[in-house]
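What follows is a pair of complexes built around chain A, which joins chain B in one and chain C in the other.
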Partner chain A sequence: MTGIQKHDQAAMSRPVEGSAGLTGSWRVFVPVVDNEKCNRCGICSLYCPDAVISRDRIIDLAYCKGCGICAHECPKKAIAMIREEK
Partner chain B sequence: MKKIVTGNKAIAEAVRDAKPDVVAAYPITPQTEIVETLAEYVSSGQLASQYIAVESEHSAMAACIGASTAGGRTFTATSSQGLLYMHEMTNWAAGARLPIVMANVNRTLAPGWNIWAEHTDAMQERDTGWLQVFVSTVQEAYDTIFMAFRIAEHNKVLLPVMVNLDGFTLSHIMQPVDTIEPGDFIPPIHLPDSVDPKNPKGYGTITGPGDYFRFRWELAHSMRESVSVIEETQSEFAKRFGRTYGLTEEYRCSDADVVVVSLGTLGKEAEVAIDILRDEGIKAGSLRLRWFRPFPELDLAGKEVVVIDRDYSFGFGGVLAHSIRSKNLVKVYSVIAGLGGQEVTYDDIAGFIRNRRIGGESWFGVNDHV
Partner chain C sequence: MEMDTITEIPDDEYILKCTSACAGCGDSLTLRYVLKAAGPDIVLVMPAGCTAAFQGIYPKTAFTVPVVNIAFGAAAACASGISRMFLATGRTTKVIVYAGDGGTLDIGLQALSGAFERRTDFLYICYDNEAYGNTGMQRSGATPLGAKTTTTPAGKAEVKKDIDAIIAAHNPPYQATACASYPQDLFRKVRKALTFRGPTFIHVLSPCPPGWRYSSEKTIEVGRLAVKSGMWALWEREHGNLAISAPTKAAMKKPVPLEEYLSVQGRFKGIDGTTVEQLKEQIRETFHRFREEEDRP
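What follows is the complex of A and B.
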């Protein structure tokens, strides 16, 4: 599941998408971008620990855990964390 | 070319000619002369390696692990306390399948503080997955370094190799050495999983219960495979350079009634004892193990066996004696001798054999024994 391959002689991983499954299911709060306030600086995508925010601010909700780091780092306060109803 | 050098100097010369990419080491008596000499070779341009002067042995092994993961040929040397300080990383080196070569100059463990020869330091690395070889002469130390790199880097092995030589009784003894031009005896290093930015990997990744055992099985399998690689390497060495080495070195064993088994320089001392005993009419022989991991298959059937251990496992006994008993189902006379550099002469060894009490254990120099 972490990219270990059958022929490997030692433990090693390879980059694969979602090696720990669909981590979006862990989310309680979902980030919502206010495109009026956003100045497209891209800091949110740089800080995202799961690399789920693209350069044009599309958030991949299949893997976003809702940690809120993007909202915390946004210099324009353009990202709100909204409790998600499931 | 023939020259007269110490065991340490011979190791340094062999390492220089094996051309490692990285040497990372921390000085410790009695090994210091090895890395001091290598540092001189690097600073004078005789060896085009990166020499990393680290702050500890743990870091020395970690630096070798990093360099080896990057695909480089790596070497380090240590002794005793330094080897123990590396212990977490020696396990890592073997588990990560990195063919690092180390010279371990066998030295006693403290306390009491003691710099002289003993094998308990190497025995504590016995279960790490390193190949372990014990040498008995300066020439053998020199030759074994070249073979160690070739064996470690062989694609059937890919495991680290520890070359053990006795502190002072070999590291600081001058003997004649016939040096070699290794040529292509050690092929260029090619590791299958070295760092490649175009094909990124994470090393030592978290490994669950469904995968971990498989890596241990792979390691066990490679250790078994290493026997044939060692034999092939030793016979290729003999073909090219004219000196023959085996998994063991036997001396007057074939018709012997009693065989003394030992490691390192004690094995050479034992050969003199055998000649003395033969003159007395005792049909004795000496079996010196060169390779301790992988442990060689021995034929001791029908012989009385005396094992000299320069090490001890408390609550159990001599490690070599235990290994011989369990692999061969023979009763042995276990002699614990040479601890802390205790002097053991060929006359003493002849005495162990004359006074053998098969099935028993004796500590040389302790009251009521030997």
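What follows is the complex of A and C.
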């Protein structure tokens, strides 16, 4: 593995989750999914810039920055952005 | 919304949670689909820009694909070297430059032109947020006429540089435009570009909430309005043959009023009527040029 050590001398970063901290702490409004209204189309997860919404619509709140794109784009209006108390 | 195309896009994500990109970042969304389309066997070459800045804090990164961070003006030159080395050693790994509008239209233009002239086998993607976002929204060659930036507080007096025409003059086998608001279209174009040998180019409009001064949830809507109003056109050109993408075809038949696009953004606040007319004239000219090019035998 001498090659990798050489690269390390050239300032190499390694992939790790949370490299920029828990970005969920940035959030002011939290997305809340109404499972009654949701028709599982997947548009929220399609448009999430940070891919924090999984296919089965579980939102990773440790990282969700609260941008609100999911709620704005949801065709069924099944996601509400609620002000978060911290 | 074409449901089937959503399922065609792989579930794999190549950026770990989470970069330090702003909430609602159009560039993050663009990069997400670029990487989904390209897969893991790539090298990303990145000059200075928002994307280089939001990778993570050394020695950590959110990117699971190899990234070479290189000086602002040198991305295409660096990619040329890597691509040539892969060719010499028989590696099939794809080389992709992911650069902003500053690193493409202004600072990286010379290296970009050189790499295209040498027929470097690589894909150059320009994510365009129409200013130097990472340093606080100074005007770039890509800033449109009338847009306010921190260095054009009264609105930019010059028109946006037509980088796509400059690229077209290099006769690449494939070039396209895309927009973060149409991820399926972007995904398909990246996949297609990677099937060509030689230099290929994709220019992606990536709306920027803090820079364009709209609230973060409107990123998709703003990008969509850019296309529907004609301020941004979606097309691809394969060996010189132009094909207009469906959303722009619809816009050419019946565009939404430009004011709808301008009024949702703070950067166009207080724009005067003459400038709006000039922008509308530009759109009409672009559509006219498209029709002529399409009709050519």
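Convention: the second predicted complex is superposed on the first by the 71 of 86 C-alpha atoms of A that agree within 3 Å, B and C clash if a C-alpha of one lies under 4 Å from a C-alpha of the other, contacts with A are read in each partner's own complex, and residues count from 1 in each chain.
Methods note: contacts are C-beta pairs under 8 Å (C-beta built on N, C-alpha and C of every residue); 3 or more make two chains touch, one makes a residue touch a chain.
If you're wondering where the values come from, they're calculated on a predicted model, not measured in any experiment.
Novice: Pick one for A:Arg40: touches chain B only (first), chain C only (second), both, or neither.
Specialist: neither
Novice: Residues of chain A touched: more by chain B or chain C?
Specialist: Greater contact footprint in residues on chain A: C.
Novice: Touch check for A:Ala10: first (chain B), second (chain C), both, or neither?
Specialist: After superposition on chain A, A:Ala10 lies in contact with chain B alone.
Novice: Between chain B (first) and chain C (second), which, if any, makes contact with A:Asp50: first, second, both or neither?
Specialist: Touch partner of A:Asp50: chain C, not chain B.
Novice: For A:Gly18 in the superposed arrangement: first (chain B), second (chain C), both or neither?
Specialist: In the superposed model, A:Gly18 contacts chain C only, not chain B.
Novice: Go through the superposed model and pick first if A:Lys77 touches only chain B, second if only chain C, both, or neither.
Specialist: Neither partner.
Novice: After lining up the shared chain so the two structures overlap, which partner does A:Ile69 touch, if you call chain B first and chain C second: first, second, both or neither?
Specialist: In the superposition, A:Ile69 contacts chain C only.
Novice: So which positions on chain A get touched by both chain B and chain C?
Specialist: 11-15
Novice: Where on chain C does chain A make contact in their complex?
Specialist: 1, 3, 6, 9, 11, 13, 15-26, 28-29, 32, 54-64, 183, 209, 215-221
Novice: Going by the contact rule set out above, which residues of chain A touch chain B in the complex?
Specialist: The contact residues of chain A facing chain B are 1-4, 8-15.
Novice: Quick one: in the complex, what on chain B touches chain A?
Specialist: 95-97, 158, 192-193, 199-208, 211-212, 215, 218, 222
Novice: In their shared complex, at which residues does chain A touch chain C?
Specialist: 11-21, 23, 26-27, 41-43, 46-52, 55, 60, 62-63, 65-69, 71-73, 75, 81
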